[in-house]
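Input: a single structure, listed below in structure tokens.
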Amino acid sequence: MSMFGLGRPQPSSAEKIAAAEQEMDLITDMFNKLQQACMKKCVPREYREGEINKGEGVCIDRCAAKFFDVQLKVSELLQAEAAAKGAGGGGMGFGGM
Amino acid sequence: MSMFGLGRPQPSSAEKIAAAEQEMDLITDMFNKLQQACMKKCVPREYREGEINKGEGVCIDRCAAKFFDVQLKVSELLQAEAAAKGAGGGGMGFGGM
Amino acid sequence: MSMFGLGRPQPSSAEKIAAAEQEMDLITDMFNKLQQACMKKCVPREYREGEINKGEGVCIDRCAAKFFDVQLKVSELLQAEAAAKGAGGGGMGFGGM
Amino acid sequence: MDGLTNAEQREFQSRMERKQMKEFMGMFSNLVSHCFDSCIDDFTTKSLVQRETGCVSRCVQKFMAGSERIGQRFQEQQAQMMNQPPPGSR
Amino acid sequence: MDGLTNAEQREFQSRMERKQMKEFMGMFSNLVSHCFDSCIDDFTTKSLVQRETGCVSRCVQKFMAGSERIGQRFQEQQAQMMNQPPPGSR
Amino acid sequence: MDGLTNAEQREFQSRMERKQMKEFMGMFSNLVSHCFDSCIDDFTTKSLVQRETGCVSRCVQKFMAGSERIGQRFQEQQAQMMNQPPPGSR
């Protein structure tokens, strides 16, 4: 990871902490996106009652399942793209950033 | 707050600073949300003139007042919910996150 | 910059790093906003094919050019406003935050 | 988080707490925005009318219920992913 | 922020300045996005036409005016909240 | 970044790497959201149907292509800005 990694053969504590934090951030972000997506698709914004009714509940379960499938699919496509580009730096169109 | 709080009876300086930062972040976030909400509700996006006209101004004032009411209402509802759940950890549907 | 800048005539390393980070954040943010704006304006969400077709490509190029113009225009207007207000603190309606 | 000193664990713990608090505050401000946007459309008065107050209550209740259900699906899926080969190996 | 050493106050001060700068930059990029999205819809040319330039100016002006008005209401409400019992005690 | 010690350069480098990783993850989650929202509208089944899978592939492909093109324009403009007087001096 580190460009100047001389004499630092294993990740420092700070790096371990940073990695754990980043993983937690991704999970949180994904949960928020899932929630936003499935509330939008399955729960109308009229709010005539406070409960999730049966139809909405079933829709949420299927929506979540499909969301995970899309997540997996996108991840596979990005990996394939990265592999095709030679796994070099970037390739995401984020030229140099 | 700290799980390993032995021998640290009072908040350290770093904790005080973090708390002040967090409060400032919440205030800023709320201001931004308020602004977004009330510009959307009260100011049409045609931009035929650069001033806020009388009707828009009155709308903004009332919109802000109602936004604060909603903020208070949501805060009360979440507190009631937390109390009902026994004020234990979580209960927000953010299971374990 | 620092209110208590006594005896610190030049930016410390930490300040230089923070400034570089902030510049990178702004550039990244602007790229993301540009991308969002021009994909929305130029690329319909039907996804009948995976390529950017000729019309979409031309639209993206012009869209990017206009986005930069708007960026420049907004920056000029904010500078003029700040100058008119006497270049004092704030004036953005972010009173005191 | 093996191999951390006590001081590091304490620091990690307190960062996680700050993160959770930040997360909670973000959820709160999004909920306020969403229910305001969905329920409030009458600007002839400056106090909430009864219809609006009711709508906000149901909006919050429904959001919490939906959030809990989605959270269950999410946790099941996270647990399942732990027992699976990574995506690239298919 | 009582009980901080001078060095800590300096550190706090400089973090607040960075936060304000970040806030300002976020406002700037949102303003650009919003006015672009509202005013630009013609992609037969690659330079802004007069109508678009005018729209962007009015958009910025109106945003600033609205922001100032909302900021006043916000500050009044913050001041009022300081003099009130917390929500739970009603 | 002149005048930094080796340790500082290392720290800077590793912060930039974390930032890039964060940026990439944000891009990933936005792409998932966007393609899900654009392509998935049938909740009578719990697995993706063929039409949806195809749509997601094209959505990702098109996003990447668009992103690359926009990235080129962006870099040209950044390069051009370096050779220009700042906006205020016009």
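Order of writing sets the labels: A, B, C, D, E and F. Residues in every chain begin at 1.
Keep in mind that, in the parts below, a residue touches a chain if its C-beta (ideal position, glycine included) is under 8 Å from a C-beta of that chain, and two chains touch if they have at least 3 such contacts.
In UniProt terms the chains read A, B, C, D, E, F = Mitochondrial import inner membrane translocase subunit.
As the structure is a computational prediction, the values presented were derived from the model and not from experiment.
Path length between chain B and chain D in the touching-chain graph (shortest route): 1. Of all the chains, the one whose CA centre sits at the greatest distance from that of chain E is A. Of all chains, C has its CA centroid at the greatest distance from the CA centroid of chain D. These two copies of the sequence, chain B and chain C, are related by a rotation of 120 degrees on CA atoms, to the nearest 5.
The interface with the greater count of contacting C-beta pairs, when A-D is set against A-F, is A-F.
Measuring from the averaged C-alpha position of chain C to that of chain F gives a distance of 15 Å. Put simply, the C-alpha centre of chain A and that of chain E have 29 angstrom between them. If you average the CA atoms of chain D and of chain E, the two centres end up 24 Å from each other. For chain B, the set of residues touching two or more other chains reads 24-25, 27-28, 31, 42, 61, 65, 75, 94, 97. In chain F, the residues that touch at least two other chains are 23, 39, 57, 61, 66-67, 69-71, 74.
Those residues of chain B whose C-beta lies close enough to touch chain E in the complex are 13, 16-17, 20-21, 24-25, 27-28, 31, 34-35, 38-39, 42-43, 45-52, 56-57, 60-61, 64-65, 68, 72, 75-76, 79.
Those residues of chain D lying in contact with chain B across their complex are 6, 9-10, 13-14, 17-18, 20-29, 31-33, 35-37, 39-41, 43-48, 52-53, 56-57, 60-61, 64, 66-72, 74-75. Residues 1-4, 15, 18, 22, 25-26, 29-30, 33, 36-37, 40-42, 58-59, 61-63, 65-67, 69-71, 73-75, 77-78, 81, 92-97 of chain C touch chain E in their complex. Put simply, chain F touches chain C in their complex at residues 1, 3-5, 8, 11-12, 15-16, 19, 23, 38-39, 55, 57-59, 61-63, 65-67, 69-71, 73-74, 77-78, 87-88, 90.
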